[in-house]
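Chains here go by letter, A, B, C, D and E, matching the order in which they are written, and residues are numbered from 1 within each.
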Amino acid sequence: MTKNKQISSHRISSEDVDQLKDISGVNVYACYQCGNCSSACPAVEFMDIPPHQVIRMVQLGFIDELVKSETPWICAACITCTVKCPRGVDIARVMEGLRQLVLRSDFEHGNLCDIDEKLRKKLPQIALIGNFRKTIL
Amino acid sequence: MFEPRIVAFFCKWCTSAGADLAGTSRMTYKPNITGIRVMCSSRVDPEHILDAFKNGADGVLIGGCHPGDCHYQSGNYQALKRVKLLKKMIKDLNINENRLRLEWISAAEGKRFTEVVDEFTEEIRKLGHIQYTVL
Amino acid sequence: MQLSYYPGCTLKTDAKNFEKSALAVLEHLGVSVDELADWYCCGVCFSQTRDNLMQQIAPVRTLVKAKESGNRQLLALCTMCYNTLKRSIEFIKDDAEKMETIHQFMDLETTQFYGNEVDVVDILTLIKQIGLEKLKNSIVKTDAGLKIASYYGCMLLRPKEIAIDSPDDPVIMEEILASAGCENVYFPFRTECCGSYQIVNEPEIVKDRTRKIVGSAVKNGADLMVMLCPLCYFNLDEIQQDIQKEDKSFQTIPVLYITQLLALLMGLKPDIHDFSLHSIDPRPVLKMKGLL
Amino acid sequence: MTKPKVAFYWCASCGGCEEAVVDLAEDILKVVDAIDIVLWPVAMDFKKSDIEAMADGSIAVSFINGSVRTSEQDEWVKLLRKKSGLVVAFGACSHLGGIPGLANLSSRQQLLDTVYVQVPTVNNPNKIYPQTICTVAEGELELPAIHEEVRTLDQVIDVDYYLPGCAPPPNLIMDAVLAILSGNLPEKGTVLALDKSLCDTCPRKESKPDKLKISDVKRISMTIIPEDKCFLAEGVICLGPATRSGCGERCINANMPCRGCFGPTKAVQDQGAKFLSGFSSLFDSEDEAEINAFAESVIDPAGLFYMFSLASSLKAKFHDRS
Amino acid sequence: MKKIGVFVCHCGINIASTVDIPKLVEDLKNYPGVAYIQDYKYMCSDPGQTLVKEKIKSEKLDAIVVAACSPTLHENTFRMAVQTVDMNPYNCEIANIREQCSWVHKNITEATEKAKRIIKSVVEKALLDEDLEPVKVPVTRKALVLGGGIAGIQSALSIANSGYDVILVERQSSIGGRMAQLSETFPTLDCSQCILTPKMVDAGQHENIRLMTYSELEDISGFVGNFKVKIKQKAKYVNWDKCTGCGLCIEKCPKKVPSEFDQGLGKRKAVYTPFPQAVPNKPVIDCENCTYFKTGKCRLCEKVCPFDAIDFNETESFIEEEVGAIVVATGYDVYPVLNMSEYGGGKIPDVIDGLTFERILSASGPSGGEVRRPSDGKIPKEIVFIKCVGSRDPENHYPYCSKICCMYTTKHAMLYKHRVHDGQPYIFYMDVRAGGKGYEEFYQRAQEEDKVVFLRGKVSKVYQDDDKVVVCGIDTLSGSNVEIRADLVVLAMAIRPSKGIEELAQLLKISIDQNGFLTEAHPKLRPVESLSAGIYLAGCAQAPKDIPDTVAQATATAAMVLNLFSREYLLHEPIITGVDEELCSGCGLCIAVCPYDARKTNREKGVVEVNEILCEACGACAAACPSGAAQQRNFTDTQFSNMVKAILAE
């Protein structure tokens, strides 16, 4: 995140941003960057971009970087961020929106074969189905 | 060319002051309109408006303060309520509803005042003379 | 009281002990449930997209079945199912257009569902509804002296619209356990996520969470940890052993479904518990406390 | 002493006003005793020529009901004016235009089209309309022409007094007749009823809240109205506040809101506009969308607010549709 | 018909260049009612005014119409002038043929025709204008100040110093309010009590101030200049006339309860003064905690009182007063920490609010100014301050900024550092709002000199771990989550208007905004007035504000009150809307449209009555009246109807 980034009106109101808004239905502009979402996120240590920065990047239109990020795939949809947000931003929906942006461009993130076999045999159905619901369209 | 006759009611605090500003700024507008100064747009009674139509007015304009700016807190909303229902009713009376207009014009909106008056005058001009028979 | 019951996939397999103990507890409290004749997968994780109504078909199908059953209430034991079904209702209710679209996708279902005809209920709320006094009276082992850490997880508390209690500071499990004669242990991580389905992709997250959650419960002096979610259960029970392999100082704690504990306190026959399904064997503690 | 000559005449009306005279019951005998009826088409046979033959001013008083909308009515009322000392506009139609006055919302052609062609039960494939001249075997007949406009009596002739109501209540008729017979007459142009609006005598006035506000408009046909509650407070349109009192609250007592047949009070010219102004003020909102919805929810405001007074309130018939 | 004189002003060439004045005069000469018409170059000049006055006399005119510039400019001029020749000023009307005619039209014919229409319509108005006298309202020159905090004290003193009587009503037994609880004040760090107590004493001893503590407003009626108020004094069980404030009863009272003044940290007795410098310095008995009231035994205070001042039979009492103006300065409460379950509020003893920390810092506080934490009395070495707790949180708490927290939290951290030199203060913040004289410098000093660590981000969770309070937050500037094992956590809780503000607002008929604060008449130009005439607002009851702003606003309320009191009568525009009782049926449609509650139904008479003093002459009710009984004076329906006809007449 040290590289200079160009900010422009074109980027801030790009089609990608609109599509994300359509999928998620979230008004990201209510965010005032208190960071409570990141502070409360149980998986933030595993993320490359913390949730509050994700929202900031949506505000600035950096969707191309977000779709490359691991963050949406680390998110477990526990909704803690949404509940904690003082401004009513549904961050969890934004994460879902980012996953969908990737999945709808014909890219599947999950793969049964990648799972450790020993673990796979033990896993309850809800773990597997839950995971695939979020990683395969 | 048909010269419409337009009666207007302007609230003292906003629209009449806006009209004064248009004058002080030496803006010009169509002379077809003649204003009556009222304390508040809420004083304008539909009876006065129909009086105007009955006596041959081709258009009636009411000017009040913008919502939230009324000198009397809520008078402009009273005007709004009355005009909304009145527009519906005059349509049934066979008076074109566009002959009646309510506009919010503030004391600072001299320019807007002239634009509203000119635009309204032209609209009424297009509508032509109001048609009625005296009973 | 008559209500419909929706088991969901895991309660028929890995969480058999949850289903058996829950139904036994309810029966003991005088409530019988009708399992939906023909139920479908709930969809597991509620789709949070606004624009894709296809995702809602799975839960709506089940809700249609529930409406057809004629019972107003639908019990969902699995918290994932509870969350998905309840959020589906929130998403579609009062929106005729959405419902219309969803119905167009469903050829076999003839019943129209509008969103308000079925109440999805979880077992904690149901027990409170039956009455804490009644619960108290049904307890036979009143002097077990158990210190219990109640773990809520996410699905019953979030988002706010479907929360069964305060998302920040819930008390319903503690209330129930206090009525059942247990001592409650408050620990700061009782509402924090266990890592959920990320066990599949990123088991490290779950390990990290388990270490925090279990560690905190142990530190605050709990004998047992109870919960309701089969996925939390798997994550917190199964992973404890993995952590202990890496870190000998890590102290484990047995994990039970809250209904298992209630059944034991009610003196119901122990064969419903399937203790073999537990990774951390709770029997030593239970024996020590005189519950087995 | 000769009894004063009195004429009753009917123009465009329903006949209810004639009934109202009959409704005087036994009192009618007193009236008949005291006067000499020279014209009463509904009850007795007189010819126009009989009246024409009378000296100008020889009829003490003519009671004329109904509004004026045909050439025949026009001729008759002018004739009676000439022959009468006093003319009393009897009932809402002659006073205000009444229900027939609502015809001024449409053109004559529209009305004829509706009645003679468009009504589903009418079978008139050749679109035959009534004609004023008609040739029959005996020769040519002339029928009265229907005017383009409906007028109140005072829009055609000078009127001395007004007896309001649809129909006027017997006690007001009796009071008026007695006043005329005794010569104890008020100022010319007076409406022979109370000066305050109906709320003054309304049996439900005590139920009115201190601050009257409404959040939606209810239609009578779709509302159960409590028998003791102010209609307006319940959101039901009642013209009571804009209508002269004196009717005996007959509608209110039958759990029907006031429709305005007594016309406005003397300080008001335009009953409909005045009522609209007061009524819209009641709406408790400052939200433009809600205000729009409120205006939309008032069905047929012109018909409702001017039900009886269209012709007298507007004093003009607009045909400005564009 | 009235005789109207029309005076047409040329305004130099301003009117005369576009309006054909000779033609205008010629055409209007015979207009019905126009008895005299004359034009003049500058009608507003002295000779012009003289001309008008002379003609009124010589032509025996009943009313005049001056056709000139906007009435905003010279209506008053001419109305003053006509009064000198005994014409009622309301018979003088202005026809605006400059701003709304000659200046905005170019074509002479058109402008002349329009000027004619304007003048004719104003002539029609003048024909039916009545003589009117301004409504004279007497003024009771006594003020009521509600609330005895710094705002109320400042307002009361400023009014009293000008020679007028003030009743200062305070709910507690002593004045002083929140400011008395504070330790030092930002940005100067002078001792709050040191600057406040002299003012309290002044207020207590002022010959024009009647202190009514332990009292509340019970009822009010009337209007500006003429309010009637009823004040309730709660039962004190101590006869203050006899009591000298010696304190013996307090000393001997065996019952101790947590002190509200010390935020529950210290104790007080059941008979008590809230703090030693109380004004008046006389105790009250808290009957909820008094042993005698609870058990029927004790009465120790009664026994020891040398003045026989204890009176267990005392009841609440009421006084009724007439006042001309009211200042509402009821202050604020701190949003309770109990509402912050995620921060352990109410559960963790070492999570406290800022006001409690003020008491900890205060030299007169329960720990004598030593910073010790509530749980075990240890000196905290790591201390975390969290800002915006409950504020700026529309989802869960309050949407507004509480304004004072940025500065007082900075001050807290600084004062802590001054007391505990080896301690480390941390402040979690979202924004630092340090707009104020010396505020930014103060904030800089905290960072540079006192090494206060500012962390930009919110805290998601606070929990107890052994004897530490663990704070889990984020520093968004470094992008990392942070965890601090603190000894004490201070929450800068939101502030909100004092309890009971809704009831008070209802009683006073003033409005409150969506957050519960009192609404000012105009956010910029009338910031100390309420929407009800004669009622003024000061301090945090109107919005969160710090001491300097509070004092400034309180002083401004005094200016408003004095302005009111400087007048012998209040003159009220007489163009109010009256009621013709002969016509009014009491339908009540006019009542709800009145924004000033000036109209009420007299059910006995069956008519609506208007309070002429409350009526502000908008005329909304006249338009709403369906029977024509409500008519605005000199703006009657007939006048409007005639004006419209005059404009439209060919």
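The working rule: a contact is a pair of C-beta atoms (placed from the backbone, for glycine too) under 8 Å apart; a residue touches a chain by one contact, two chains touch by 3 or more.
As the structure is a computational prediction, the values presented were derived from the model and not from experiment.
Think of each touching pair as a link: the shortest run of links from chain A to chain B has 2 of them. Here A-C and A-E are compared, and the pair linked by more C-beta contacts is A-C. When every chain is reduced to the mean of its C-alpha atoms, the one closest to the centre of the whole protein set is E. With every chain reduced to the mean of its CA atoms, the largest distance from chain A is reached by D. Across the assembly, the mean Cα position most removed from that of chain C is the one of D.
Separating the CA-averaged centres of chain D and chain E is a span of 55 Å. Mean C-alpha positions place chain B and chain C at a centre distance of 66 Å. Centres computed as Cα averages put chain A at a distance of 73 Å from chain D.
Averaged Cα coordinates give chain B a centre that lies 36 Å from the centre of chain E.
Of all residues in chain C, those touching 2 or more other chains are 168, listed in ascending order.
Among the residues of chain B, those touching two or more other chains are numbered 45-47, 51, 74, 78, 82. In chain E, 342, 461, 593, 620, 623-624, 637, 641 are the positions where the chain touches two or more neighbouring chains simultaneously. Chain pairs recorded as touching, per the definition above, are A-C, A-E, B-D, B-E, C-E, D-E.
Those residues of chain C whose C-beta lies close enough to touch chain E in the complex are 166, 168-169, 188, 219.
Of all the residues in chain B, the ones that touch chain E in their complex are 5, 7, 16-17, 19-20, 22-24, 26-29, 31, 34-40, 42-48, 51-52, 55-57, 71-75, 78, 82, 114.
Contact residues on chain A toward chain C in their complex (touch as defined above): 22-25, 42-43, 45-46, 73-74, 76-80, 82-83, 90, 92-93, 96-97, 100, 110, 115-116, 119, 122-131, 133-135. Interface residues of chain E, counted against chain B in their complex, comprise 70-72, 96, 98-101, 103-107, 110-111, 113-114, 117-118, 121, 531, 575, 593, 595, 616-620, 622-624, 632, 635, 637, 640-641, 643-645, 647-649. Across the complex, chain E meets chain A through its residues 342, 388, 392-397, 430, 456-461, 472-476, 479, 481.
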